[in-house]
Amino acid sequence: MANVSEVFRDYAESIEAEHEVREKVRDKLRVIETLARESSAMLQHVHQPSGFAKIADITAQAERHLVDQIRPALAELSSSVPASQFYRYYAMFNYTLMRLCHLCSLIHFLKEGQLLTRAATAQDWLQIGQSRADGFYLEVDDYLGGLIQTSNELARFAVNCVTNQDFERPVQICEFLSTLLAGFRLLNLKNDNLRKKFDSLKYDMKKVEEVVYDLSIRGLTKSPPTGALED
Amino acid sequence: EPKTLPKGVDPNNPIIQQFQEHARILDEKNDKYERIVKLSRDITVESKRVIFLLHRITCEDDKPAVLGEAEIKLGDIRKRLWYYVASELVNEDPYKFLRAYTGGLQEYVEALSFYHYICYDELISWEKVQEELHFQRNAHRPKDEVKDPLDPKAAQARETIPTKEQTEDEDAGDSVSVAIQEEAHPEPKSDSSGGNTNLKGSTAKKSLQVLVPKTDFVLGLADLTGEVMRQAINFIGLGNTQACFDLMEFLHAMHDGFLDVGYRHDMRREMSRKINVLNHSLQKVENACYSINVRGSEFPSKTHLADLLLNSRES
Amino acid sequence: MANVSEVFRDYAESIEAEHEVREKVRDKLRVIETLARESSAMLQHVHQPSGFAKIADITAQAERHLVDQIRPALAELSSSVPASQFYRYYAMFNYTLMRLCHLCSLIHFLKEGQLLTRAATAQDWLQIGQSRADGFYLEVDDYLGGLIQTSNELARFAVNCVTNQDFERPVQICEFLSTLLAGFRLLNLKNDNLRKKFDSLKYDMKKVEEVVYDLSIRGLTKSPPTGALED
Amino acid sequence: EPKTLPKGVDPNNPIIQQFQEHARILDEKNDKYERIVKLSRDITVESKRVIFLLHRITCEDDKPAVLGEAEIKLGDIRKRLWYYVASELVNEDPYKFLRAYTGGLQEYVEALSFYHYICYDELISWEKVQEELHFQRNAHRPKDEVKDPLDPKAAQARETIPTKEQTEDEDAGDSVSVAIQEEAHPEPKSDSSGGNTNLKGSTAKKSLQVLVPKTDFVLGLADLTGEVMRQAINFIGLGNTQACFDLMEFLHAMHDGFLDVGYRHDMRREMSRKINVLNHSLQKVENACYSINVRGSEFPSKTHLADLLLNSRES
Amino acid sequence: MANVSEVFRDYAESIEAEHEVREKVRDKLRVIETLARESSAMLQHVHQPSGFAKIADITAQAERHLVDQIRPALAELSSSVPASQFYRYYAMFNYTLMRLCHLCSLIHFLKEGQLLTRAATAQDWLQIGQSRADGFYLEVDDYLGGLIQTSNELARFAVNCVTNQDFERPVQICEFLSTLLAGFRLLNLKNDNLRKKFDSLKYDMKKVEEVVYDLSIRGLTKSPPTGALED
Amino acid sequence: MANVSEVFRDYAESIEAEHEVREKVRDKLRVIETLARESSAMLQHVHQPSGFAKIADITAQAERHLVDQIRPALAELSSSVPASQFYRYYAMFNYTLMRLCHLCSLIHFLKEGQLLTRAATAQDWLQIGQSRADGFYLEVDDYLGGLIQTSNELARFAVNCVTNQDFERPVQICEFLSTLLAGFRLLNLKNDNLRKKFDSLKYDMKKVEEVVYDLSIRGLTKSPPTGALED
Amino acid sequence: MANVSEVFRDYAESIEAEHEVREKVRDKLRVIETLARESSAMLQHVHQPSGFAKIADITAQAERHLVDQIRPALAELSSSVPASQFYRYYAMFNYTLMRLCHLCSLIHFLKEGQLLTRAATAQDWLQIGQSRADGFYLEVDDYLGGLIQTSNELARFAVNCVTNQDFERPVQICEFLSTLLAGFRLLNLKNDNLRKKFDSLKYDMKKVEEVVYDLSIRGLTKSPPTGALED
Amino acid sequence: MANVSEVFRDYAESIEAEHEVREKVRDKLRVIETLARESSAMLQHVHQPSGFAKIADITAQAERHLVDQIRPALAELSSSVPASQFYRYYAMFNYTLMRLCHLCSLIHFLKEGQLLTRAATAQDWLQIGQSRADGFYLEVDDYLGGLIQTSNELARFAVNCVTNQDFERPVQICEFLSTLLAGFRLLNLKNDNLRKKFDSLKYDMKKVEEVVYDLSIRGLTKSPPTGALED
């Protein structure tokens, strides 16, 4: 059994190598998380009276920050994950990706009042792959998780819109959430985590419906909202 | 007891005899424990039913009938279940079997205090609860040495339940009763040093009682707050908003009380769990009162609002 | 120790048999759940402006879907559960049955403004048994659980009715919930799942009362609602 | 039932009537559940005692007396406790109440299989256990509609326990018995498709029985292995080393069996816990046999060793 | 090995010494905790209708209690912890310090409507150190933990203000929490415990925003709140 | 709600009172535990070559220590527990009582080679009650638990006897354990602590049997041991 | 937002696709697990007196079973996992692979008394890849996990060898474990799971050393074991 | 509240600073742990036949490794922990220090057959402080924890000594453990962790006594061991 310790020495090296990848990924992630925190902080201002008037400025600033800073940081992360082992380290960056999707879709909705698709999120905003073949890519689960974070934020935003005397946007948010909810209902959610988040989406819907109710019973909406799903 | 001894074990060996005695003591304790557990489960079920009954009150007019029925049910629990627990505890250290009946006791305190609150609009005192579980000596008594659940005689003795009338008026059980030792329960020197064993103002002579440790009493009260919250939400649904404010006040008082208790030492984990539930209950009621007020403010006068709600319900 | 292995062989067979039943039940259930999700999705439209005008169509469609698709699927499930072992597999389909009851009572209420009884739910709508003797049957617990889901949905619906300018239906819903509440108060519930759900019914009641209140103080109800429990 | 209706609730309202019916069904189920739980607790206690009794066997000569006493005790459990469980289950889906009696059942299987193993040196079969819990229709039957634990009549009916003689020889209970529906229990199409509901070879007509799900049977057997381990250690202490090797063989066979069962699907968590315990028991016995052998090896002949041990014990 | 037992006797003494410090710390703590409990109980009254009218009295009383009773008790605790071993016993008094910070910042807010800084908390209110060099001092984590307890209390208070017909204070609370939240967003919370509390702060914010919403949609706020972060 | 605070004041007092009892009991116990540790330490010497020769001295010393020091300390404990509330505080001193029983029965066995009965343990050695009527008393469970600790110690002692060339005592121990085992077999133990300990007694028996076996095959026992259960 | 539901339908399909892979993997795994269970059951017989005499037969049978049945089943599993997503589904089959490694190394040791290397396990026995580039491959962690299971089994086997009068094999096992232990000591075990198993290996070592001790003190070993690590 | 964010920025910096210290400590620790693992691996050889003959060489090598490599690494760790915050980071290196103490006391015992005192461990072997005043120092708990690890190792070693025909050393180990045990008995162990380890020491003692028993009943010990505690 003379060669046994040699064999083990080999294994020791491979374990060491994995450890190094993890360290590197962890470092890159830390940078992105700090940046994402800054983005969130900027976007928070839309909830406040002072920021409410300058929503366009705020979203523009957040978008620039995303393009100029987060995107390159994400590229570095992406290159530190061996392409064939994407899923080996997936659990490490998973949650961060979700958060970035959330930032993209929130900015997009504030600007355009529209849902940002997964393709656009991956390609245009984050510039990462769309499928496993592209190496580092945006998983459906993460995209959906990000959307639900956005719905949570928008439900809160609808409330603050009213406080800030904007009675139009809640109706728009209501339609957006309604569309989202209908979409989620089509999914057979196996993923328990996502299912719990889906429940939070239902709750957001209900909250926003109540806001619209409050507006409409007081005659504060211009017109009854037009159908969200009339495709 | 036809206890088979293994071959080679000398039945006259004093050590073996000693162990036979140990076996007897252990078996008796275990049997008694089991009997009390079963009574406790029954008490739990019946107490829950009293609570549900009380939730059926939707307005003042409901009270007489519901409270009457609740009183009868509580009396039944007392005379037909607690009485047997008390009999089992004669000449025992009640703390020895507390774990066997604590579940039933807490649920019973919850039911009784809920009943009391609705009747008298006040929190029941520990003395009152303890008094309820204090029985006169001349009441019907089951056999003292009931032991083996397989022994038909013994089981019969327990289950020959005194009906309401019997318990109060007759002494029908004499034929199966056995002298309860005359000696009084040992007593702690003073109330402050020992806490809560004995009835205040009672010398506890020759009496049957189930000890109500104050902690179990208070744990029962913690559960009461959950029921009070439910009632408050009920009342809003029924348009009785003033009642909701009254119940909030009551819960605030309870919250003050538990705030103090909550940080005491040697506290059971149970307690902090229940205090947490209390905090949630209180906030639910606060939120309900908030929404009454925030809506009421849209309308000129509060009484007007009540009228309107009443109209929309009763007309 | 020949008989030891016999005993275990016997047991292994019985596990295998049970496993097969479970697999079958699971398959049947999956079909029903997908169908039930579709039903829910249809009924969701009543909350939206676009759907609001066509409630009759929507309920008719949902009812047809239930009769034509869910009912046969349920019959298959029912026949895959050995009659004398209903409770052995009960925990598997329990929640689904509850949901079906919910769908039935919701459709029925939207159509008729009435409570659907357990007898009618079991016999006319789901075509399963009403008691143990009938084999696969509708337990009281599941029926009641379904009713409470309906009450949750109706509370939300009452809010959206107002947004959609329907001021009559909230009053009708208010009466319905009021009766339901009175009924539930007659039950002795253990501290179990059903009791927690019952609490949610009280909140629904409160919410709908507030809607009716909002309508009455603004003179938007045609007539004050008649006492819910006196009909 | 004098159920108080809140004011304003019309007792003739069909919905209210419907809910009164729901209430009745829920209460009945709950009451029955509680009654079965209590019987199950008694069964557990008594089964444990049988097990202890069996551990008192220290040599062949002990067996007749101990086994005789164990048989009587097991019979009592069967006729006086299981019989009432069976009565409660008439026309019910036994799986509905399984959770109420599974504890008692497993402990009973443990006791019965231990008894059987000592008597016949073999593992009891499921059929045998199920057969034991199958009662003749002409036996004494309690009232079918026993419900309220507070109802003295009902409780009395349950507790008027048939003595051993009664159960077998008389039909004393007719006055309180109620017709059990004649219809046989519904049966699965075949044994293999449904598993273990019905008695093999029995059409289960008009019979009272307590269903023994095979899983509970096997869980009881898992506990048996712990007792077998204890007995093996006992026997070494008593110098009976051969018995220890025999028991190891039995445990190996059980281990083989559970190895197969252990990885099956849809398995209860309980099972893997018990298999873990079995593994430990087996290793304890293996270690014991090891030490017998490693010590025995110091001495020329194995029989000689046994002689020596016997001498040092018996002389 | 004759000297072994001597050696062990030495160790026994050192263990005994540590034990004594712990006993002493525990005793001092017990006193402070009882006092803090009393403070909390006083401050609880602001939530109740009866106490609402006398907020100024209540806070004055609580402040006096803090200055006259808690501060000296804290000084005793401080002197019972060997300066060089602050962190050795830190876990013992950690939570209590947090609670004291909470009391200070709550009283201060009720009086002044302002955030109490860490410097002021340590120096002016508790009279303990501000950095490790000062010996017994106020750790950042504890200060922040205290602030979050205050935010929890204020969210509840905002609700009860409305119940007691005070429609101004919720707006003030809303601004306060908004400021706090913005501050917390800048922190890279490694400490899991603090992160969980941060989530509760977000929830408080949302709750208070809903209160302000309820007021503003009913025209009960004098004016829209002015921007919290207009720096 | 005046009576609410009364109720709680009452309870607070009772907690305080109980707390005091507990503190007192704890203090008394701490003394006893230190003494019991000393007793154990003395008795440990019987395992060592140096102590083996002076077993009589050691046991005499341990007995004196028990009579002169532990007994009065126990009397103090006993008087600090209210007679009618023995079980209220039972869990606090339970284990210690068991340990004292162990010390008594070990000393007694080392002196006399006999089992110490419960009556003698309680009355003659510890001077506490024998039954509930006597107030502070020796529960059967604690007495039995103590016996099993003694059996553990004796199994170890049997091994060391041989090392120290005493070939008689193992035989005596063997008989003692044998009797004990027969006694324990008469008990119906729940699946509790005591039952687990009982299993350890069987292992002790086995160990000692092996020692006796080792002695017999080497002809080191004077005479074959007489049957343990036939005396 | 007309295209939203289309978008979601796409996602629903991708989720469905993943679901199908999982189902397939689960099915294949189930087969392998049943086979592995059978293998284990065969190998169990070596512990029993009846099987001890026929160890060669038993291992031959187990090896045939592995080659003829498990290997093809594993090939099917391997082909059902998309090569680029090995790590996505890794957690599903991870434990099973470990178990197969255990079976291989146990059979090999029983036959040859040697350690089976990872290369041989992957290539010769299981016929799967040795590195990520090979697609479905044998991770180091799984190989090591399998070895430790083998060590557990061998520790038990050493005991039963003695019971069955084989005094040579325990010495051989002792050397084997000694080698293994030395190997493991070279690894920096980050993986907590593996570290816990490593502790079990140390325990096995100790156990087997005690067996060898028992044999050698009774003169039952032919000669003192020759050094395991004399490289 | 303009200065609030400044305040928070300050805090953010202090949190960042702490984070850096932790990172640094973690790095230094990693080095030491690798070295300690190597030391352990060297010392393992004493258990094996091949190593048994060269115990002196092995211990000399291990000692050199400790002095030349571990000691400087430990000095680096020591300097990375701010002196006044020793206990703040204590939980990070705590376990590693314990292990180093174990290595020292094991080497020392193998060389000298004596207990290494805490003073010697700290001053001569590890060259760290002996008390809090010395900054980075050796806590009593860690020293004791290390001793118990050594006792575990020695119990195993006693077994292997016999296998390797050394009948003297077990007696020496027996005395050593006996002394250690007597020492530990004097401690009033509050620390639960240490108490659990103390139980393992008792078990080791018993094991070694049995080894000595086996030797003495076979007449393999030269003379009965002389008293360990005869001071």
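Every chain is named by a letter (A, B, C, D, E, F, G and H) in the order it is written, and numbering of its residues begins at 1.
Heads up, the rule we're going with is that a contact is a pair of C-beta atoms (placed from the backbone, for glycine too) under 8 Å apart; a residue touches a chain by one contact, two chains touch by 3 or more.
These numbers were taken from a predicted model, which means no experiment stands behind them.
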Neighbouring chains common to subunit G and subunit H, by label: none
C-D compared against B-C, more contacting pairs: C-D
Centre-of-Cα separation between subunit C and subunit A, whole angstrom: 34
Averaged-CA centre spacing for the pair subunit E and subunit A, given as whole angstrom: 34
Rounded Å distance between subunit A and subunit F, as computed from the means of their C-alpha atoms: 65
Mean-CA-position distance for subunit H and subunit B (Å): 56
Sequence positions of subunit H contacting 2 or more other chains: 182, 186, 188, 228-229
Residue numbers of subunit D (touch at least two other chains): 5-6, 8-9, 27, 30, 56, 58, 249, 252, 256, 260, 265, 298
Touch relationships between chains, expressed as pairs: A-C, A-E, A-G, B-C, B-D, B-E, B-F, C-D, D-F, D-G, E-H, F-H, G-H
Subunit B-facing residues of subunit E, complex: 30, 33-34, 37, 40-41, 44, 47-49, 156, 159-160, 162-163, 165, 211, 214-215, 218, 220
Sites on subunit D touched by subunit C in the complex: 3, 5-6, 8-10, 13-16, 18-20, 22-23, 25-27, 30, 91-96, 98, 122-126, 185-189, 192-198, 213-215, 217-218, 221, 249-250, 252-254, 256-258, 260-261, 264-266
Subunit G partner contacts - residues on subunit A that touch it in the complex: 1-2, 4-5, 7-9, 11-12, 14-16, 19, 84-88, 90, 114-115, 117-118, 132-133, 140, 144, 175-176, 179-180, 182-184, 186-190, 228-229, 231
Residues of subunit H defined as touching subunit F within the complex: 178, 181-182, 185-186, 188, 206, 209-210, 212-213, 216-217, 224-230
Complex contacts: residues of subunit D adjacent to subunit F: 48-49, 52, 55-56, 58, 230, 233-234, 236-237, 239, 288, 291, 295, 298-299, 305, 308-309, 311-315
